Amino acid sequence: MAQRRTSTATAKDAATATPAAAPTKATSVKKTAEAVTAVRTSSRRAAARAVSSDAGGGANGVIPAVPVLKTYKLYIGGKFPRSESGRTYPVRGPKGEFLANAAQASRKDARDAVVAARKAFGGWAAATAYNRGQVIYRIAEMLQGRRAQFVELLVTAEGYPAKTAAAAVDASIDRLVHYAGWTDKIAQVFGSSNPVAGPFFSFSTPEPTGVVAAFAPQDDSLLGLVSVIAPIITSGNAAVVVTSETRPLPAVTLAEVLATSDLPGGIVNILTGSAAELGTHLATHADINALDLTGVDGELRTALARDAAGTVKRVYTPHRTPDFTRQPGTARLRAFLETKTVWHPTGAVSLAGGSGY
Amino acid sequence: MTLFRGDLAHRAGPDSAIGAIAMPCWCAQLHHICRVAALYDRGMGSPAPVALGDATSTRPPATSAASVAVPPRPVLPPHLAGVTADESALRRFLHGLPGVDPVGVESRAAALATRSIKKGSKLAALDLAISMVDLTTLEGADTPGKVKSLCAKARRPDPDDPSTPQVAAVCVYPDRVSIAAAELAGTGIGIASVATAFPSGRSSLSIKLADTRLAIESGATEVDMVIDRGTFLAGEYGRVFDEIAAIKAECGQTRLKVILETGELATYDNVRRASWLAMLAGADFIKTSTGKVSPAATLPVIHVMLQAVRDWRAATGRQVAVKPAGGIRTAKDAIRFLVAVHEVAGAEWLDPFYFRFGASSLLNDLIMQRRKQLSGHYWGPDYVTVA
Amino acid sequence: MADSTRALARRGATQGSSVTPGSVTPWEYAPAPESALIGRIKPRYRMFVGGRFVDGRGGDQATINPATESELAQVSWASADDVDDAVRAARRAYDTVWSKMSGLDRGKYLFRIARGIAERARELAVVETLDNGKPIKESRDADIPTAAAHFFYHAGWADKLEHAGFGPHPKALGVAGQVIPWNFPLLMAAWKIAPALAAGNTVVIKPAESTPLSILVLAEIMQDAGLPDGVVNIVTGAGDIGSYLVNHPGIDKVAFTGSTAVGKKIQQSLAGTGKKVTLELGGKAANIVFDDAPIDQAVEGIVNGIFFNQGHVCCAGSRLLVQESVEDEVISKLRDRIATLRLGDPMDKNTDIGAINSAEQLSKITELSAAGDAEGAHRWTSPCPVPDKGFFFPPTVFTDVSQSMRIAREEIFGPVLSVLTFRTPDEALAKANNTPYGLSAGIWTEKGSRILGMAGALRAGVVWANTFNRFDPTAAFGGYKESGFGREGGPSGLAAYLDTDSDTADEGAA
């Protein structure tokens, strides 16, 4: 833990750029609106200025300080490395304006992410359900704390109206709270004690599948992302997530939330870049147990599903375009569970009982 | 421990099986125990425990010249010698025996019971079973006439067919032994007598020894003693051991059957421990039951006891006999026991010297089934003689 | 005592004496064959499509008795056109009858089938043993009763699906295409058909080419039960027909039990179709024996684990992991026990190990065993006699096996046990999980906390502790990793045949 916390200094520093305490919805929306106006009227720099004046307490009439901008990096094993390839790509807003350079994850970054995920998986799967629930709830807390930042980001990156952006952030928080409460219900809802026809106690219990490579929705950069990640980690899996290629910024900022919310490093790894480029490496990677193909479609989806067969990976593909604003069912949760059945004899306690088996 | 590698045929034949001593792990552990015991004997640091069998206070007052001597300890192979050194060594050993999973042993017994014995095999099995019967009467109402009648039945189980084998022995109370001995003189049929305050075993050692002596002096060729289950369940294995050893000493060359009364031992683990305890103390036979307690001889219990004698032979080279008693009433049941003997202990136990059935009504069912095998049609009880 | 010797003289040579040892009676099991007539084997069998037995257009093929290598019957094989017909019949039955019927009534048909199997159990056991080569005692005591139990269990689900845990309105998928293996022909048919029908689907199923008979007897039972035409269709044939079936555009769901290699091909070919697939594939189960195990029962469990059904079991305990401190004792007892196994005529009620199902399988087992020799493992073979005719392989144990050898990694699917050792629970766990498979595992120890700890840490779908090879319709069965996905049995088995991904007030897809 200590190692992870020091490694996330960047994230903490970044966090101080926005109000630490959760602002009320009203102020947040208002401030975001300012930022939105700034984006719409001028440029990223103007937006940055507006945000910085929010955060810095304003400089009435004084020339504002030049804000410090964030370098968007990958999130692997609880750390924020650049791509080992050194590649970046420009991320643009809805109108084509430059927003930031994102790291373009490579095959080797994907490999590193899988190693980190596999390493973290055992401990997370073995953690008590109560503990996992608390951690996921903590993610919701952290997200709540950065609500304004995310609203702003969605307005910038997605071009959402402020209200829509706020609703998406709120729904993302709610989604995490929803799944935080699932961790200690899964075994009770999907497990069973089996009344077998013999002197045995048999029970079936769901367990996490392992390392899941998830392709986040391309167009729903926060709620879609959270809705994909949360069910995977709720049951104890570790995730390697390929973000929306064109809208990766909320994911990287979400990584900062994850890094500060007691989630063990490696449980969620976030790769920005091209699903088409990374996909086949992940889908053929023998140390990945399952794929979530939500964020890819068409031929790529089919190709990845085909690749997955090489090591009999479980593949989750939504049948229709998901509507993440609706309350989730259990299909995503169940997609990354394995049912384990355990048997043990239950002998008569005594010979004298005339066991009669 | 490369005992078994590269020796594919090490147990290919019955004879070599006796020679090949597989030392189970829990025997290996005993080396340690022995070493510890040796330290004790040298008085290193710890109070010397009282060796079992030397507890003279539990010895009966000498009632006859023959019984005065302290019973000789059964001679055990070196790797087992320390086991009976003291109460705690004995306890460690018995509790170090592998456990018995009840469901596993019961399902194995049930599966073996589906063996189908037909035609010539069946006839051979029926004859074998008849020759293994300890024809028994153990009633308060046993009169001399009843015992004589029983002996007549033992000699000629089926008067209509002289080719029917004799039974192995008759089994009676000590005070009826002399009658049986007179009736069976010269027949080769054994005379077994229960002894040691049968069936409860609740009396003093001196009474039990006297009981045993009465049986032997009256002509018993085999003694069926009961263990003190209460003492066993109280965990005082040393006292049970001493008692068995004392009775065995009293028996001398007379074969001793040790009745475990498995129905009162309550668990298969206890059956296994009691079997080993009895064998360590010198039992010639281990026997399930008195017939007065239910459950008596069940297939799973006999499996556990057969495993014990098989393992004992592997560990010591000595073959101990087994006797289920009580509750075996049909030929079908008896054949199932014989299948278990064959497949669990081995063919070497398919010998009236090494396996017996303690029974009374079983004999007539065996005879009826035997007649059916020979004649091709079923028989009724009116056609076979009651004892 | 001297008298006794005189008495002995009277006795026959085979009768022992109670007073002297050494007169052991030789013990032999006379042949106790079940009558082949009970199987009522017909000279020719036809496929079952649309409620009728029809000729296939794929020509006739012989199915043989692997214990004698002689022809048992001719079987009419399906062509691709026949599969089309069968899928059409299943679709029609789904649209017009089965999807409209109440769950309760669907259940009644399944109950009838369960009863029908029980009524013709002895016949089915004989058919199974003749066609498959498995010992009659196993088909009689395991395969057939468990098949009936599967129908009985799932019958009760048909009108209770909303309580199965997949939302308030679980729906059938439509037509299920199913392909089953030859190791448990009728039982696998039951595992596939019963949950499919209970969930409201109709079925096109292909039995293995070498074991088509028992499922065609089941077809008679379903016909006699009045099951509506087309609800279950049985197409016979080889892998090409299976491949055609699973890739058929007219089916909505694919269920396959068989080898991992074929399972991968199916998963590949169905990628992107959106069809629900469940796969039950191979395994290389570790059976772990700790030094505090109930040794005698562990030996039984090891024997049952690898020699049940000639080892033709995907969940067979083919890797014995034994703690070094009890290795000699366990191996010694194991060999003694294996030597008592009776190999031979599968129809004999006392046969423990029957025939290998096919010449092809026998050569595969032979080849892998030779690889064991070549890689330096130590082979021990049961001294049991092996029949001259028929496909038989004697029980075989390899010791000195290391994790890197083929016999420790590849599924042999035969009566061949590989023995590895370990020193600590950690090492046992590492070795047990060190395989791409993850179907089953066994643990033998009397320490409760270790059982639960190991059971939790083993990456396998079924963990048997102090027992092995137990199956029940109420208990989910299925694998981790390359042993497949999806479960059979229990509530989670129903999910394989239900559209659990929509209509759950979901995100529209989840």
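Order of writing sets the labels: A, B and C. Residues in every chain begin at 1.
Keep in mind that, in the parts below, a residue touches a chain if its C-beta (ideal position, glycine included) is under 8 Å from a C-beta of that chain, and two chains touch if they have at least 3 such contacts.
These numbers come from a predicted model, not from an experiment.
Chain contact topology: the protein chains form a complete graph, every chain touching every other one.
With centres taken as mean CA coordinates, the chain nearest to the overall protein centre is C. Spacing of chain A relative to chain B, judged by their CA centroids, is 70 angstrom. In this assembly, the C-alpha centroid of chain A lies 41 Å from the C-alpha centroid of chain C.
Residues of chain A in contact with two or more other chains: 200, 345. Contact with two or more other chains is made by residues 466-467 of chain C. Touching two or more other chains at once are residues 101, 103-104 of chain B. Residues 101-104, 106-107, 110, 262-268, 271, 294-295, 298, 300-301 of chain B touch chain A in their complex.
By the touch rule above, chain C contacts chain A in their complex via residues 149, 165-167, 260, 263-265, 267-268, 271-272, 274, 279, 281, 436, 451, 455-456, 459-467, 470, 472, 474-478, 480-485, 487, 490-492, 495, 500-502, 504-510. Against chain C, in their complex, chain A makes its touches with residues 126, 189-190, 192, 194-198, 200, 202, 204, 209-210, 227, 231, 286, 289, 301-306, 308-312, 314-315, 317-324, 326-332, 334, 338-345.
Residues 199-200, 345-348, 350-352, 354-355, 357 of chain A touch chain B in their complex.
Interface residues of chain B, counted against chain C in their complex, comprise 1-6, 8-9, 11-12, 14, 22-25, 98-101, 103-105, 108, 114-122, 124-125, 127-128, 131-132, 163, 165-166, 168-169, 185-190, 221, 307, 319, 338, 342-343, 347-348, 350-354, 356.
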